[in-house]
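One chain, subunit A, links the two complexes that follow: it is found with subunit B in the first and with subunit C in the second.
What follows is the complex of A and B.
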């Protein structure tokens, strides 16, 4: 009983982080199950697995909403930011611990509300985007969608304030901005983006709620509203949200690649001031690429094609820096490093397929096809999910004081890694030939023989599902019964969380206050092995 | 207002991408030697080559380093050389310049084809498209309304589209065109039906229960056959005699302007 009380009322950032992890993995598991059903349904044309198209639409809605709002954003900015940042910057906790605890329970309320989708009548079926007028006229319960966004949105805004203040004011004495570890820098950027843009999403879905239940006409053209207003507001947040996911994922990769390769981060300042700051600056000027076929003015579509393509510049700074960190490294592979290695190829695959999609005129053919579906799964969903998985393995000893099972972990890694490639490559191919997204039934394309590609894709999804299940079993089992780590710094890192805190880190994080000198760097391995 | 914005964007583009722009100047207003779908395929191949080269270079670099630089024993540390100030700037600015040049090159190419996509030829056959859950209705004027898009081979076709209920999106994969169809707005797309045959068109904006069940055939027929088809449909629509005289003057007036750009 006291244990439950301890966790429910905890203000310790590490426990809050683990609560985020449990909630987001729950969302991941249920939404992953939905993905499996969706793939099984698409295995053949026509309806076989689900009873009606409407059920299929509910599963699509849940998969998208729960994966993005319930798994990726809370996994990266909830779990990882909470667990890692205070330890990494030498702070004893976040700036506002009670606010932090409030955020995580708001997030949990959001997850529970999302899960209620399956028991309420009139299940929401508005996709994770909730476009009106459909979301207003549908019989589905759009309010559940809106309130889920509200709860998780508030959690995000509070977390943003909390971590921005923490990083600015609570760094260990002596730690300058140019010594700030990469994960903290990247996540700092992500929280700035969140603080600016989440309120816009909250406003958009609130207008949706008013339109549906109160009778306002923000999005109703027959009474002077505009259907595109919502899409602009929605993507004004939701494109930057991609960077809220991308940046912490990149940050974690820097930590893992640098530590396991015993190499400093290559061209750190370019990655920080060009990459992180550049992404924060361009994040808000590219949303129209989600509306390339939505009848926006031509000058806007062309202008934002240029800004969208220019994202490659700040991302390029980070990519060059990440690749450079491998140069003449001394890599020791563990499960975290395997996931990190896979991320190199995922970010290439997902990033480069974004280039045709950045081009307005090519998107005229590609938008809303499986090509887009495969693109954003690689660059946002799988890349970021692999970064989360890598981080769980990497910081596992710090969380639990135990190490995860290597054999099971490696087996699950290969199932996941091969599974996602097998799942999404066929979707690129049929997407180019016109296979639309969000279809349960594709009889009209009978002549193009899409079924065999859907077969391959479904087999890939099964591999991934087995891999993900084994991975979660591994975490749960190892957290309880895994081998205890004897060494407080198993990976030989020079980060403060490894050199100054125990495994697992106790209350208050550090036995004594941490200060760092001007020469200190988290990526200085000169003392390693001596 | 529109012109001012175009000028600003154009100016920015021209300033920063002068050389790339020079080789891909916007086409003359009535140059339709390239049909949208052919232009699309050419541009796609260019972009595919571009991203494949980048992908192969970076992919092999990563693969090579991930295998080559494995630690040979415990205690070994990486030997990344320390960058001088000039090298640090070089490794930042050189890739940035290369990426930016590629961006502007692709922007210029994309803009050129975009102009073709958005400027409707003057001799285009105009058809109105009304979308509703879950069907398409093609309105040729003079009372001819069908659920199949029949078009004459070799004449450009422009669709002026609107929706009655929720947002749909009209997509003809074969002609590489798609545009959302929304209540309260009229959008358009045009294509050049060069090949005879029957092609599929579908809805690609989620619109509810029947979203994946609203295909429509696009039939490209020889011009003579199209005239015959149109005449027989008009006769079928004609029986109400009052409709016939009203159709001729009213239909063109109600039609949106032929060339909004």
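What follows is the complex of A and C.
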């Protein structure tokens, strides 16, 4: 009974965070299985695994929607923000604990609705984008897509309110904005973006629902509507969504790299005021580049090319600050740091392949090819997923009071890291040669010998799947039977969650109220001679 | 800052040894799952009314139970930072503004790109009714302000009567919307008629749903007040929300009736 009371009905931010983690890992596992099916289907040209292209669309829908809405966003802004922020800023809980519990269960309701895809007739088959007119005219159940977005979106908005208020009003007495830890700063930016942009997505999918089931004309051009309106509203949220994913991921990397290198965050103020604030400011002016091919005047393409490239300025501030944190650092390479190190490479790779995609002349040709597919998997999906994995390993002792198994963790890391490289590099190559995204069958390109690249890519996916499975097994096993940590601060970190709270952190987080002085910094490693 | 830390200390001291919990958020979220997506899909997509009734019959009591329990708990339990909900509600309103902005920008895009406006099939829209509705809504903003003043001065009786008056004005507004809708729909102007009807029903309907939510929140404030329990932050939040709904109405009314 007390298990149900203290876990299912919990309002404690740490347990709500772990509920988010369980839900998002479940979504990750199922959506990962879909990815394996997609890779197996593309192994050879023609249809082998799926019976029709429509079934393939359902798998694509579930993979995309569940990975982004069910795993990345809830993993970063649900699990990580919940577990880390109050501990990190010295608060006993979030501002609205019941609202927090409401958010996590709305998210779970969304996951359940998404999983119902597999049992209902007329499965949704609209990708994660749900573009009309197809989504309005399809026999598939677009309503479940819409309601999944509503439930998870509402959960996101409520979480944004909760954490914006928490960070503004509940920092430990004495903690100024220039002392706020990087993860809290980055996630604060992500929550501002969510608060502003998620409602627009909610409005867009609501219009879709009305068009399909009430017969309104929002996206019906024969009656005065506009199909491109949906794409505009959708990407007005969904482009900034990549910053909702990027910012907390970067924030966690700062914490991990600084702690493992025993080095202060390089150029903290530039990263915060140029990087985080800069991204929040320019996030809302980039979305039109998703419509390059859908149709727009040439002059607008040029303008959008400039705004898209502009985003690399604040991102550059943050990445330089992250690299600078490594300067003359005494790095301890454990599993968290290995994932963080892989992220350095992934963000560089994803960022550099993003530049040609911002260039109008190139992107008009590269759009809808697997080059784009590989690009965003590296920069958004895998980069952020690795940051989540790094964070789970880093804060594992704080969550469970035990440490994760190192050997299994390192093995899983190398399988994951090699696996994703093997999966997506071939897709860059065949993407440049014209391999389209989203195709179950590529017989029409028989002369181009794409099959051997797809073979390699599928082998990579299998490696990654083994790695991910080992990783999850490691977490579950170590949470129950892992070696107990001796003290509250196994990494020798200077953050409040390590110096002031026990492992695992108990109810109310801190035995004593936390206050910090004006000279306090989470990254002050001067006792290590820095 | 000093008072905040004192409050959190008192809280921490009192609750540091057990995990806090509440059953109501869980009940409410699954009530919503049954009531909205599942009942909707059963009725409109799979056309199985019995299943829709079952889902709605399961969802409705869960939602009501969840809200009622949450409100009574929210009134009695102390927050870590007293009155912080008053800081949270304006943040929520920011997101509300962006939902309305999306629908408005859709409307502006349609209207500015249309060859002829109003599109064929649009009847002459009423002008007296929206003016009356505006007056009602502005009055209700005044009455809730008076109610708050009464509460501030400890006059719970006056608070209750002004609150009831506000709720009545809100319901009058909703009645006007209902009357207008039946009138327009019987005249053949339905959401699918043309692009104006699409935006008209979406904007006014979405706004009316906010009036309904506001009125329900006031009822949730009123019921404990009748039992003698008042809560200032909750009342303040309900009132801020109501003023927001009132302010949005000016945009709605000026854009759809008088442009």
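Everything that follows uses one rule, which is that the second predicted complex is superposed on the first by the 526 of 530 C-alpha atoms of A that agree within 3 Å, B and C clash if a C-alpha of one lies under 4 Å from a C-alpha of the other, contacts with A are read in each partner's own complex, and residues count from 1 in each chain.
Convention: contacts are C-beta pairs under 8 Å (C-beta built on N, C-alpha and C of every residue); 3 or more make two chains touch, one makes a residue touch a chain.
Keep in mind it's a predicted model, so treat the numbers as computed, not measured.
Colleague: Quick check for you: in the superposed arrangement, does A:226 touch first (subunit B), second (subunit C), both or neither?
Modeller: both
Colleague: According to the stated criteria, A:198 is in contact with first (subunit B), second (subunit C), both, or neither; which is it?
Modeller: Touch partner of A:198: subunit C, not subunit B.
Colleague: Considering only the touch criterion stated at the top, classify A:299 as touching first (subunit B), second (subunit C), both, or neither.
Modeller: first
Colleague: Once chain A of both complexes is superposed, is A:138 in touch with subunit B (first), subunit C (second), both, or neither?
Modeller: The first partner, subunit B, only.
Colleague: For A:151, decide between first (touching subunit B), second (touching subunit C), both and neither.
Modeller: second
Colleague: If you stack the two complexes on chain A, which partner ends up touching A:117: first (subunit B), second (subunit C), both, or neither?
Modeller: It touches nothing on subunit B or subunit C.
Colleague: Please write out, lowest number first, the residues of subunit A touched by both subunit B and subunit C across the two complexes.
Modeller: Residues common to the subunit A contacts of subunit C and of subunit B are 225-226, listed in rising order.
Colleague: Show me the residue ranges of subunit A that touch subunit B in the complex, using the header's touch definition.
Modeller: 52-54, 57, 125, 127, 131, 133-134, 137-138, 221-222, 225-228, 261-264, 266-267, 269-270, 274, 293-295, 297-303, 305-306, 309-310, 312-313, 316-317, 319-320, 323-333, 341, 344-345, 348-349, 352-353, 355-356, 359-362, 364-365, 367-369, 433-434, 436-445, 525-526, 528-530
Colleague: Considering the complex alone, what residue numbers of subunit C touch subunit A?
Modeller: Residue positions touching the partner: 1-2, 4-5, 8-9, 11-12, 15-26, 28-30, 32-33, 36-37, 40-41, 44-46, 70, 73-74, 79-81, 84-85, 87-88, 91-92, 94-96, 98-99, 101-103, 106, 109-110, 113-114, 119, 190-192, 194-198, 201-202.
Colleague: Considering the complex alone, what residue numbers of subunit A touch subunit C?
Modeller: 5-6, 8-12, 15, 91-93, 95-99, 101-102, 105-106, 108-109, 112-113, 120-122, 141, 143-144, 147-148, 150-151, 157, 160-162, 164-165, 168-170, 173, 195-200, 202-204, 207, 210, 213-218, 223-226, 229, 233, 236, 506-508, 510-511, 513, 515
Colleague: Report the residues of subunit B in contact with subunit A in the complex, numbered from low to high.
Modeller: 2, 5-6, 9, 12-13, 40, 43-44, 47-48, 50-51, 54-55, 58-59, 61-62, 65-66, 69-72, 74-81, 83, 88, 91-92, 95-96, 99-100, 102-104, 106-107, 109-111, 113-114, 117-118, 165-167, 169, 171, 173-174, 176-180, 182-185, 187, 189, 200, 202-213, 215, 261
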